[in-house]
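Structure provided below as structure tokens; questions to follow.
When the chains are written out, they are named A, B and C in that same order, and each has its own residue count from 1.
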Amino acid sequence: MLFRQAGILHTNYAQDRALFPIPADRWMIGGLLLLAATAPLYLNSLYLSSYLLPWLVWTAAALGLNLILGWAGQFHLGYAAVMGIGAYAAVHAQRAGVPWEIAIVLAGLTAAVIGSVFAFAALRVKGLYLALSTLALQFVMDWTISHVPAISGGTQATLQAPDIRLLGQAVTSDAGLYYVALVWCVLVTTFMLNLRRTALGRALVAVREKDYAAAVIGVNSFYFKLVAFATSSFIAGVSGAVLIGTFYHAVTPEQFSVDVSIQALAMVIVGGLGSIIGSYFGAGFILLMPGAMNSFISWLTGLFGFSLGIETLAHLPHALYGALIIGFLLLEPLGLGKIYGNVRDYLLVWPFGYVKK
Amino acid sequence: MDILLLLESALNGALVGLMYSLVAMGIVLIYKSSSVPNLAQGAMVMLAGYVILAFANQLHLPIWAAIPLGIVTMFVIGIGIERVALRRLAGRPIIMILMMTLGIEIFLRAGSMTIWGGTSRPLPIGISDSPLFLGPLLINRAYAVGAGVAVVMFVLLVLFFRTRIGVVLRAISDDYTAAWSVGISVERGVALSWAISAVVATIAAVLWGSVQGVDQSLALLLLKGVTVAVLGGLDSIGGALLAGILLGIVEGTASVVLDPLLGGASRELVDAAMLILTIMLRPHGLFGRHDIERV
Amino acid sequence: MAAITEAKAGNILTLNNVEVVYDYVSLAIKGVSLAVPQGGMVALLGANGAGKSTTLKSISGLLAAERGEVRRGEVAFQGQPINALMPQDRVRLGIAHVLEGRRVFEHLTPDENLIAASAVRSRHDAARNKDRVYSYFPRLFERRGSAAGYLSGGEQQMLAIGRALMTQPKLLMLDEPSLGLAPFLVAEIFQILSRINREDGLSVLLVEQNAIAALEIVSHGYLIESGRIVMHDTAEALKRNPDIQEFYLGGAENKNFRDIKHYRRRKRWLT
């Protein structure tokens, strides 16, 4: 890395418990934020709105799932359904004339309330059985959304989302939408970073490691699981609403199907369970991978001069995506976040590799 | 309500349910030996369907030759999946194992479509379309054959578990440390259970492929298979058989009763509801024996 | 411990400075050396957590199932190092391990338990071995059809031993076979063990907390504490040893803490 930790001595607990205890880290985060804030100045709108924006929103969503999966250790196969609840709630609220600022809060709350249904499953069973019941709930919600015309908006099942209006101003420019996504992602990240330092975060980790052992030391696992699911569902709901408002501009049930749930899961696993920077990596990796694969395949076919059928081209990235999940689980189960950590630890003491960090 | 229609749907539902049992038995076989819930069973059925079609259409083999070849191929693929993907995950948290089977599911499903394309193809095995008559009731001939095969498969599995190898597999599922201590190669036993499960998936692929054609929708049988497996108790093959009949009957009658009310497609809802209810009320299923982790 | 090295030629099993770690960090046994003579009966005594079970698992290879490994030292069976072998290969060589707490296959019948345990032997041998096991434990034959989970504790222990015998072992290792059994059952099982030892020349390594019963049937004993062998002698000498009497044979009366500290000091000399 660009800095050494030597000579950084904390003289009180507040310094030691700071989010980024090392000045160089603070400078780096500041630099990254500056880069992100000025992105519309140097990136063309294609990159901004079709790569950077969905990446930020999906990172926020993945962080919410990581709260359940990585911190609380509860399996969730219906995360996309919760995002969908938020998306539909926001769109319906907007169409009813509710301002967008309030609509996304409503979306978050609706998702939190309905998403807590998943928590009640988690309060009764865990592990495999929780995974299966959340999967079943995903199907129930899919079915409800697509079969109730009042929700899905009729037979064609596509509902146009009204434009975002912030404080009465319509936000339609690519840069404006990008900033909405950026602010949401930074908010969620800050929340998650701070969660580590709170009693709630520590209680969740205790519940994850062994819930009855946590109960013995006075952690009410019942309550904390509920809080974890509600919080994560809130993040999911708002992320879903932001995704629709800034990216899709229309909502259909397929955007939140079980495949999307698995995709969100893949982001967290590939990124690294419980790792915040990992969620960034994971979301970026899973989102960009199909496109990158497509270019790579067409480059390969061009190189060797053979052609592939349309169907092959359509399904090959998906197959490679499955292979990547398998590969990550076999080779680095803790994901990209762990790989980043390894590289960082190595570089921190480079070239004195024998120094233990 | 027309009682005859209801009876007919229930009867056909029971037969379809037995065909679900075939998918569920594959899940149970693997779960019994290694406590791995195989969410890729549906994708294995789909892959098996494509493999048989490849033998029949691309190598121009008659169907009676393509099916055994498909069984052999899937046997090897089953061993391969266990060896490559699952063995190294032994002892890891269940989250990792579930994600692995999901990864395999995606890989197999998308992989077979990459190779063979996504259009639905027929897999004719020579069952005529004309229905059977049982008194005034019409019975789908393909379902009847499928149900018969499922029962035969069940009997074969029960007999297999009485053989020396079968007893060894049961010993592994009882206590794998103890199995290790008497010289049983647990890894090989688990690999064998994957292989047998893949063979059962192949049988399911033939029957389901002949009913609805071979395409991606075969992988969706996973939801039915999981529901039946959980309802029967994840480690009971007999449970899978009976739960299949039960789910089939419920599905069949519910579709008659609920479809007009809900505007169709109530089967998926019934499946999901059955799954949730089973887990909430009786997580070890009708015949399961393991104490599951309760909170 | 000169006696061990002298008698090396006649030993079926030798452990030389074996160190076992679990999860790469926690050191469970720290340099255990012991030997079982060909056709002999040896006891390994010690308190809870002393490392008895770990020692047995390092011999049978079951450490791997618990993320443990032999980090240093050598386990040799019939003069050949077996550190690198898989559990099933060690069973094939003739090492049988009866696990602590019986661990029968509960949903299988005794008959099926025995069949499952013959996985490394031929079908023909299996049938012969089964007859032999039933001749040692006629009670198992009577109950051969019912699920093993419903057998009594003593019967389950017999089944566990019978299951180990199905592998045609040359060395039988038992981990606390007396655990939770009535004294008369312990006596019966130990009698059968010494009968098998006499008649078939089977070498036995017996891990016990019940030192009284164990020292009655073995010729030699080792005492293990905190992962180290602290004493090795003949059974007669061990029974006479005041420390053993005090702490393992229940002879201690009116002892206070100072005396125990005294014992600890003395023990350091032995190590």
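Quick note on the criterion: a contact is a pair of C-beta atoms (placed from the backbone, for glycine too) under 8 Å apart; a residue touches a chain by one contact, two chains touch by 3 or more.
In this text the structure is predicted, and so the values were computed from the model without any measurement.
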| item | value |
| --- | --- |
| Pair of chains joined by the greatest number of C-beta pairs in contact | A-B |
| Most central chain, Cα average position | B |
| Computed distance of Cα centres, chain C from chain B, in Å | 44 |
| Averaged-CA centre spacing for the pair chain B and chain A, given as whole angstrom | 33 |
| Centroid spacing, where centroids are CA-atom means, of chain A and chain C in whole angstrom | 53 |
| Footprint of chain A on chain B - complex, ascending | 37, 85, 88-89, 92, 94-96, 98-100, 102-111, 113-115, 117-119, 223, 226-227, 230, 262-263, 265, 268-269, 271-273, 275-276, 279-280, 283, 292-295 |
| Chain C partner contacts - residues on chain B that touch it in the complex | 91, 164, 167-168, 170-171, 174-185, 289 |
| Footprint of chain B on chain A - complex, ascending | 69, 73, 75, 121-129, 131-133, 135-137, 139-140, 143, 147, 211, 221, 262, 265-266, 269, 273, 309, 311-312, 314-316, 318-319, 321-326, 329-330, 333 |
| Chain C residues within the chain B interface of the complex | 60, 62, 65, 67, 86-88, 90-92, 96-99, 103-108, 112-113, 115-120, 123, 163-164, 166-167 |
